[in-house]
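Just below is one structure, and these are the notes that go with it.
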Amino acid sequence: MFDIFSKLLNALDKTAETGARQSARRIGRRSFIAKTGVVLAGTALMPVLPFDRSLGGSAFAGEGENDTDCDYWRYCALDGNLCNTSGGSTTSCPPGSEASKVAWVGTCSNPNDGKDYLVSYNDCCGKATVANSTFCFRSEGERPGYRMGLHNDINWCMANKNLGYHCTVAMLVGLADE
Amino acid sequence: MFDIFSKLLNALDKTAETGARQSARRIGRRSFIAKTGVVLAGTALMPVLPFDRSLGGSAFAGEGENDTDCDYWRYCALDGNLCNTSGGSTTSCPPGSEASKVAWVGTCSNPNDGKDYLVSYNDCCGKATVANSTFCFRSEGERPGYRMGLHNDINWCMANKNLGYHCTVAMLVGLADE
Amino acid sequence: MRVLSLTLSATLGMLAVAPAFAEEPFVPERLTVEEKIKPGPNLFVLDSNWAGSSNISVLSADDLSTKGNLSVGLVGQMVLSSDQKTAYTASAYAKRIVYGETEAVLHEFDVDTLSIKREIVVSPKFAQVAPSFNSLQISADDRYVFVQNATPAASVSVVDLKAGKQIAEVPTPGCWGLYPALEGARFSSLCGDGTITSYSVNEDGSAAKPVKSKKIFDVDSDPLFLQAQRAGKELLFTSYHGNLYRVSDKAAEVKLVDKFSYTEGAEGWAPGGFQLMAYNKANNVLFVAMHPDAEDGSHKNPAEEVWALDLKAKKVLYRSPVEGPVSLFVSSGKAPVLFALNDEEGEVVRYEVDPEAKFAAKPTDKAESLGDFAVLLQLGE
Amino acid sequence: MRVLSLTLSATLGMLAVAPAFAEEPFVPERLTVEEKIKPGPNLFVLDSNWAGSSNISVLSADDLSTKGNLSVGLVGQMVLSSDQKTAYTASAYAKRIVYGETEAVLHEFDVDTLSIKREIVVSPKFAQVAPSFNSLQISADDRYVFVQNATPAASVSVVDLKAGKQIAEVPTPGCWGLYPALEGARFSSLCGDGTITSYSVNEDGSAAKPVKSKKIFDVDSDPLFLQAQRAGKELLFTSYHGNLYRVSDKAAEVKLVDKFSYTEGAEGWAPGGFQLMAYNKANNVLFVAMHPDAEDGSHKNPAEEVWALDLKAKKVLYRSPVEGPVSLFVSSGKAPVLFALNDEEGEVVRYEVDPEAKFAAKPTDKAESLGDFAVLLQLGE
């Protein structure tokens, strides 16, 4: 799957060549992720694979798993403070903060269905971190900035107006193409 | 000695009545302290008392005393990071920082000569604290802001242009009138 | 954006090679932003930062779980509106954080959404002091906010929330601390000569002539802590040496109503800390942070006990052991909940207090890592 | 001031009642400001702060005693001039620290006096990344500073120190990291397709056409760490899997000169950390931070050993045990001094390395509490 992302990311980076000075700040990885998700789901590209609905609302969490623990499977490439210990949830920013427009992506293996999921790690922005929030630092599949979409050492609030780093969420946005 | 200071401080505060809006920021407690020291020494007011010169350069430090330790006698009302662990000395600000224009005062007993000294605690300003500097917190004779010159919970860089708190020095400026 | 979209579509088009064989399509999760914090009473813990963003943790007062935070500038202060739905903070922003021109800002936050409603720039004379309950206050009618200034000459910025701006700077020479009166744009302040002075401001920003009380306390022999608690029509102060002062600010001239010692017979014990008193209205009981081996300079020592004082009987009801707090807050109801903040550890402990057991405090919850310089607690019930 | 002086004189006059009976008058101490830091080599430890002032501790490289610090903005980066007398930092300042309009600033510091010589505002696209050796660099002739940007599209701000301003923003699509060439305003960057691209800028701010290398590394199977070390006319990179890449950037088209594995036969060991390599010129020895039980995602794990590699013989000379560093720096001389920074503890350890003992490293000093996010070390010899 790195190939897919490298293509997408190169496409992203191409825009820098034509208009780095004026437009690059407005290029949203958030819209990229959203589009990717929609396009992938809508055109049955990669992530249109069955999963067990019987698991219900916790389709992606097994019994006894704790999503405020850094060991939780979705956090395999998360470097940051968990939003679900900051007043938000695993997929929502805390009140008063803003969602980052861009994100990095991890590929994490769900032990409950044996599948690899694409996880979008968005930062929430515009506030300092919550004092006693949980900080996690995992780097599976992580790459330096030459694969920007896989890079977790950078503040992903970078395309927002308000740059303060608040916390990080982990959304499932697709199934990895194995 | 509180009486003396209360009078001096009231004199200081009086200026607020006539020109709080425009002039108060420029009233330097540093010049106040300097003047006090000079006047006191020059007119033989209080601090013109003998002390043992045989102690030489370390007239105010006894053997085995460590002036980077919070227990050191001069620090009896010091609340802050020691400048002598920040690149400066007990009486000098570290390079690149500025001396505060105003200061608070403690009255500390020197175990080596049994005398009580007036200690001016100036802050050094314009930089953040040094990461591994020693933080001390002692409050002998300390009073809330209604005795501002004895108050140690406030940033004494307040009359400087650059307000960042860097560290605190402890200068002997007089002998207490017992 | 157009360039990107086209490029992305093209790229994705090339990749659209995997067959569709799903029964139920995978639905990508979407990122949202929570609109409101969880309901229930809030506990605010302010951690002061002198080289960066001061942070106010907002916890559930029921179980100390985290609801979110507020981020403000350097050396933040905080006060709640009377309905506790709005939080006001004052803090400083220098151009280069620790140097350069400084702006002081009053922020108005909506508590339910933890979001900024307004920002009002106030005098840069704003006092950079340790978080202090009586350094930022609001008038009884919620119209005026009072901000403590120091240059080091003391003055008070008065912000008219209706006008949305600072309307006055009131000089308060030799006096310190803000104690809003029960009505109007009036506040008192403790003075270095042992008096308490009343100040009041008119709607146009002009100030009435300050009214000085008679000498109420002795700054040398029995100094008062800055923090006060409002008990009905009176204000409660404590001295370093354990004398409780009951003061009336009903009239412009503040008067001492009563004074008694609550440490008599308790050799070596004294009150200490920052926000060291907490008054429970329903029971007329005052909780005080107490430390043993008191001496000159120990008045900010962490507490080893919290004493529950019956203010009517003027006696200590119970001495509960605690883990080194310097700041307290208590709920107002019949079954008080007490919060105690240990600044060295950045820990807050929640206690349930039993009125049937002489107001003994029993710990129920603890929250940790709330900051390095957290000495201010506020409860929004 | 006049009012005050008069008042003070009057007050003091009234108090001038004590008799003078001194033999030697008490001389009040005077407050001074140190002009310069203590002499000798300096070790710089950068602690990144994302909600306040980033802090650079300046220590004596001889004994790790504190000489002072530099305070900059959020997410600071740092580089030294070639004579090591000037430090450049890049950092971000938002109007309200964590929100509001952001300025990115290049600071020029005089190392001897730890004071600011200049401040140059650069593009706010400045990349807010963990402190990284190759995110802020200076040209070989000390004339140009290169600042890494991300939006997330990558670009590089070029500051002309002679002109005192940013003269260009060079787009570097898909590439990351700054590796200045041996001369001129040229730098290379690692690219996501496994190539290394060279960029050069003219005095007027115009950029030459970038020159792309052949594919040098495989981003999926053998990704390179960002950090490089300059070894004479070549650059040294290491991959996650312990392959050392020797690259020549002498010509505009970067070429792979050599590549070898230094982990062969050392099952489970891999390099890891942030500034994980340190090259000692005099002995042509490279020190690498190594951890055991390597797996996908362990590439930033703290080191349990530092390996000394003989680059001529292409073999590991010695494996010294260390206390969890993620960053290294080594002096350039015949008797190397190695510094190792443990970011979790904010600890730096100084080691003396014995060339006669296969470059074994022996700890001599330790400095603690250097920050929560200190991962960048620089030595000014």
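Which chain is which? They are A, B, C and D, in the order written, and residues in each are numbered from 1.
Keep in mind that, in the parts below, contacts are C-beta pairs under 8 Å (C-beta built on N, C-alpha and C of every residue); 3 or more make two chains touch, one makes a residue touch a chain.
A quick map from chain label to UniProt name: A, B, C, D = Amine dehydrogenase.
No experiment lies behind these values; they were computed from the predicted model shown.
S.K.: Among the chain pairs A-C, A-D or B-C, which one reproduces the interface of B-D, with more than half of its contact pairs identical by residue number?
M.R.: Most of the B-D contacts reappear at A-C.
S.K.: Just how far, in Å, is the C-alpha centre of subunit D (Amine dehydrogenase) from the one of subunit C (Amine dehydrogenase)?
M.R.: That gives a centre separation of 40 Å.
S.K.: Please tell me the distance, in whole Å, between the geometric centres of subunit B (Amine dehydrogenase) and subunit C (Amine dehydrogenase) computed from their C-alpha atoms.
M.R.: 29
S.K.: On a C-alpha centroid basis, what's the spacing between subunit A (Amine dehydrogenase) and subunit C (Amine dehydrogenase), in Å?
M.R.: Whole-Å distance between the two chain centres: 37.
S.K.: Please list all residues of subunit C (Amine dehydrogenase) that touch 2 or more other chains.
M.R.: Within subunit C (Amine dehydrogenase), the residues that touch at least two other chains are 51-53, 55, 71, 97-99.
S.K.: So which stretches of subunit A (Amine dehydrogenase) touch two or more other chains?
M.R.: Expected reply: 12, 14-15, 27, 127-128, 164.
S.K.: Among line, ring, star, complete and other, which one matches the pattern of chain touches?
M.R.: Graph shape, chains as nodes and touching pairs as edges: none of the named types, so other.
S.K.: Mind giving me all the chain pairs that touch?
M.R.: All chain pairs meeting the touch criterion are A-C, A-D, B-C, B-D, C-D.
S.K.: Which of the residues in subunit C (Amine dehydrogenase) end up touching subunit B (Amine dehydrogenase) in this complex?
M.R.: On the subunit C (Amine dehydrogenase) side, the touching residues are 50-51, 74-75, 92, 94, 97-102, 125, 127-130, 132, 148, 150-155, 169, 171-177, 189-193, 219-220, 223-226, 296-300.
S.K.: Which part of subunit A (Amine dehydrogenase) faces subunit D (Amine dehydrogenase) closely enough to touch in the complex?
M.R.: By the definition above, subunit A (Amine dehydrogenase) touches subunit D (Amine dehydrogenase) via 2-3, 6, 9-10, 12-17, 20-21, 24-25, 27, 29, 76-77, 102, 125-129, 137-149, 151, 153-159, 161-166.
S.K.: Spell out the residues on subunit A (Amine dehydrogenase) that touch subunit C (Amine dehydrogenase) in their complex, using ranges where they run on.
M.R.: Residue list for subunit A (Amine dehydrogenase) touching subunit C (Amine dehydrogenase): 4, 7-8, 11-12, 14-15, 18-19, 23, 26-27, 30-32, 34-41, 43-51, 53, 85-89, 91-99, 120, 122, 124, 127-128, 130-133, 164, 169, 171-175, 177.
S.K.: Going by the contact rule at the top, pick out the subunit D (Amine dehydrogenase) residues touching subunit B (Amine dehydrogenase) in the complex.
M.R.: 1, 3-5, 7-12, 14-16, 18-37, 45, 47, 52-53, 55, 57-58, 66-71, 112-116, 346, 367-371, 374
S.K.: Would you pull the subunit C (Amine dehydrogenase) residues touching subunit D (Amine dehydrogenase) in the complex into a rising list?
M.R.: 49, 51-53, 55, 71, 73, 93, 95-99, 105
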